[in-house]
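Shared chain: subunit A. Partners: subunit B in the first complex, subunit C in the second.
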Partner chain A sequence: MIDLVGLIAPNILWIIAIIIGGTLISISVHFISVGGAPAAMAQATGIGTGTVMLAAGAGIAGIIAAGAVMDLNQNLGVVLGAGGVGAMVMLAATMIVATWIYAYGVGVMPVSAKVKYDPITKYRQDLYVSQGTEGHGIPTVAFVSSLLGGLLGGLGAALAYYALMKVGTYAYSGVIPLDVHNLDLVAVVATFTIGFFFINSVIPSYNIVGTIEGFHDPKFKRWPKAAVASFLASIPLGIVAVIAVGALAFVGGL
Partner chain B sequence: MEPLISMGVLALIGAAATIAGASEDLESDVGSQSNANSQVQLAPQMGYVHRIYNKAIAGEPVSNGLMCTVGSTGALVLIQHFGFSPLFALVIGALIAAMVHGSYSVTAIMGREASQARFKQPIYLDLIRSHTPVIMAFAFLTTFSVEVVSYLLVTSLAHPFPFVLLSFLWGVVVGSVGSATGDVHLGAERQFQQQPFGEGLNASQSGNIVRKAESGLRNGIDNLWFCSKFGGPMTGVSFGMVVFLGTWIILVFDPAKSVAYGWLSNLLGLLIVTVLCIWNWHIEKETREKYGPFKEDKGEEVSA
Partner chain C sequence: MTEQKMIPPNTLMAVGAVGGLVCIYLAYFLSQANPIFVFFGALGAVFASIWGADAVRRIASYGLGTGVPSIGLLALGMGIIAVLFGLALDIGPAGPIVAFIVSCAIGAIIGIISKKVVGMTIPIMVSATTEIAGAGALLILGLSIVIAGSLDYGIVVKEVIRTGFIMMIYIAGGMAMLHPHNSNLGPDETQDRLLALSAEKAGIAVVLSGFASVAGMGAIAITVLIGIIIWYVYFGKYYALVKRDAYKVVDTGLLPTEEEMQ
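Moving on, here comes the complex of A and B:
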């Protein structure tokens, strides 16, 4: 019989870390400049795909990087950094190629329709928006905002991954602790983290409703609602995840 | 493993990822999956009946994630329980995934076109017969390449994730990258070539896709021909960059050596990201100067 109290008590800190991770993921999605289907027709500013899919793509790149680093070095800072940087690299590589296609394949310049002047470059925006569109491409402000989103999302995902790995490798009384390289543990933790990432990137999409340009978009101001919702959703998720992964450690793997 | 051999393996992984990205985008162009599909779906409702393959099984990331998972699960079963050689098993796995994808494609187009019967949209059976093998061929290439990326990462570069899980993850990422990059070339340019070049699509023109080709009616393979010149290869470059750069920074500064190396690898990643950001800004500046504004600044004219 698994001792639930003995399982949860030493992992309170990691449950809090998972909740913080979920909230960070939720906030990060607001930063990522997504234009949804209209952006694929150069009809809206941002990256031309759905909010959740892009955030998940970036977050997963972060989880892959964090997982690889966690296997080599269990320093919290390094693992979190790897998650953040992994997600940023994925977004940067995607955005630069999208800019090539907008600039040279479609013949439009990156421009925002939500602000008159780009807050970073101070370039005039409204004159460069083609008729009947809500902007197109990925201007500097959207690029920087997306990178910040990637960083936060990757940090959140890596934090959840790190916390669950710590839960799985903890030396519970009367149990031989699992190794950090244990394939079953890594698989279960990675799958949990991905599911956790999807849940927390779906919640903010109700705020975003299709398109958001980044931190300069008026919709960005709605982030506290999603952050609170994700915070609350992450509490039961964190407890269930800790019980599931901790139980795996109790029974010594699959 | 020797750093030099690791780099060689990584180069192979990067090449496989580039092929995966390109074939993923071209697969979605033939079948018009992903975001640009919204216009193909909308066209008959606006009175523009067309002869373009219309399948959107799911969002590209999910669809590719499924494909790669099916393929790598098949391959792993063959390797572990039937003792197949990995290369042979990966090919058979990709073949299984292509067949599953083909069956989903047929049900998707049948369902989608049948639901538009009220808009007089026909179901072209010859279109299904000619396009589905092409879609399956690209699905095979994508799955096989993603499997190669994942298999090499797990076996040669000692990535801790299980092979099937890693395939699933890279499948989602390749779909995400392809949907965000190459599909813009199809959606914003190829589908609306009758609109002036150098503009975003005017919302009033939504659904008015090009339906005539150089000879006869335009179909998905015509779109594939166009997108294979720029959108497809660029998607390959993008996914190749994601896989290569993300792994390269860990290989150059191996975090296993010390915490400082771990931080150096993160800093190297940040440096790459900064360079790409500056490049994006440079293209923004260049295109603004070359293409010029769409409207005149009336406020400044009055003051002048």
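Moving on, here comes the complex of A and C:
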């Protein structure tokens, strides 16, 4: 049996960081323009897949970027920045290719059905929505909104990753501290962060019932509910994660 | 097809939870004598996936609004965190059962939060999330012991997580739980067909984790063999049930060649 108090006490700050990370991930899902299966058939605005897949894809890209950078530079700002930018790059690449396919392959123009004028470009929207559909493609406002979502999700994932890495490399009494380059530690932390990310992207998906266009969508106003839910859910997950990652230091990272 | 006899949820829960835990403990203790016995872990994973698939079936038939895969990935996400926690405590044979209980507790917490804070209206939300979390944890434990040959935290980290096989377990195991309902849902969905598909998918996961095993050639051979037998039996059963439930199954033949098109 490991010393639980000795493990949790020095890591209270990092538990709070993990909880903030989970809340950020939860808010980020509301920004990402996702239309589910109808969008894949160009019958709804957004990217044509489920919220969980998309948010998790962005989050995992963020974790990879944060992890790769953390190997070289352990500055919190650098790791967070890498995570946010990594997730944004993944989403931007997905959306620009999807836009080419919608425009040149399917033959529809990017248009939102939720607003009359695009809040960013001020272009008229409602005239261009095909009958019987709820918009199609990824209009500018949805693109920008998704990038913000990617930034928040990547920041959240990188924050959780950074916090757990700090937990793993802390010098507990009586054990040799692990190195930040220890592959076992990196693997456990990455696995945890991915599981954590999945949980915190499913909860907001239930909140928006699967589809959302971005911050201009009326459903966006529901975000505080999901943020509170993820905040509460992240508390036990953060404690459990800190114990499991910290325990790795006690087995000496093998 | 509503007159079909259904297996009650409690029976499946008993089979999944008790069967899964018993198999994992058999693997845990017997593998110390001979590593070949890790195949019990694979059987435990199959029981767990059948239980999980039935729980997914019950909850997703209310309509989640986000697609069935979300709940399968949620289950495995909760399972992974609980399993690592349970094994990290370094409490010997109590580790797996602590992981299972912690997973159920996390599932219940997420279920209560989804219901009270997010406002989901599904009546069985809490019980079903608890069940899928428990099933997810058992699935990960069962396949992990097959790969690592032990449930010692250090060995699991080294052989399952550091090698990346945990992601294979995550997706292949998640498939066994979420795919059956996702591909069978609809008005003509029947429970026995769905469970047969779950066992077939779990068979594939067992074959894959058997190949990844480090518990010796004997363990690899017998686990892969068991996986292939499970896959073969249940694929045949699933196909027979598809033929039973379908109005008609017709062979469309091969694609026409270029000459025949003209």
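As a working rule, the second predicted complex is superposed on the first by the 252 of 254 C-alpha atoms of A that agree within 3 Å, B and C clash if a C-alpha of one lies under 4 Å from a C-alpha of the other, contacts with A are read in each partner's own complex, and residues count from 1 in each chain.
Going forward, contacts are C-beta pairs under 8 Å (C-beta built on N, C-alpha and C of every residue); 3 or more make two chains touch, one makes a residue touch a chain.
What you see is a predicted model; the values in this text were computed from it and never measured.
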item	value
Contacts of A:99 with subunit B and subunit C, given as first, second, both or neither	first
Per-residue contact with subunit A, leading partner among subunit C and subunit B	B
Touched partner set for A:212, first subunit B, second subunit C, both or neither	neither
First (subunit B), second (subunit C), both or neither touched by A:36	both
First (subunit B), second (subunit C), both or neither touched by A:56	both
Touched partner set for A:183, first subunit B, second subunit C, both or neither	both
First (subunit B), second (subunit C), both or neither touched by A:109	first
Which of subunit B and subunit C A:191 touches, first, second, both or neither	both
On subunit A, positions contacted by subunit B and by subunit C	36-37, 50, 53, 56, 183, 187, 191, 194
Interface residues, subunit B side, partner subunit A - complex	34-36, 38-39, 59-62, 158-162, 165-166, 169-170, 172-173, 175-177, 179-189, 191-192, 197-206, 230-231, 234-235, 237-238, 241-242, 245-247, 249-250, 254-256, 258-259, 262-263, 265-266, 269-270, 272-273, 276-277, 279-281, 283-288, 291, 293-297
Of subunit A, residues touching subunit B in the complex	36-37, 39-43, 47-50, 53-54, 56-58, 60-61, 63-65, 67-73, 75, 77-78, 81-82, 84-86, 88-90, 92-110, 121, 123-124, 126-133, 135-140, 143-144, 147, 181, 183, 186-187, 190-191, 194
Sites on subunit C touched by subunit A in the complex	64-67, 69-71, 73-74, 76-78, 80-82, 84-85, 87-91, 102, 105-106, 109-110, 113-114, 117-120, 153-154, 157-158, 161-162, 164, 166-167, 170
Contact set on subunit A toward subunit C in their complex	1-2, 36-37, 50-53, 56, 183-184, 187-188, 191-192, 194-199, 202-203, 205-207, 209-210, 225-226, 228-229, 232-233, 236-237, 240-241, 243-245, 247-248, 250-251, 254
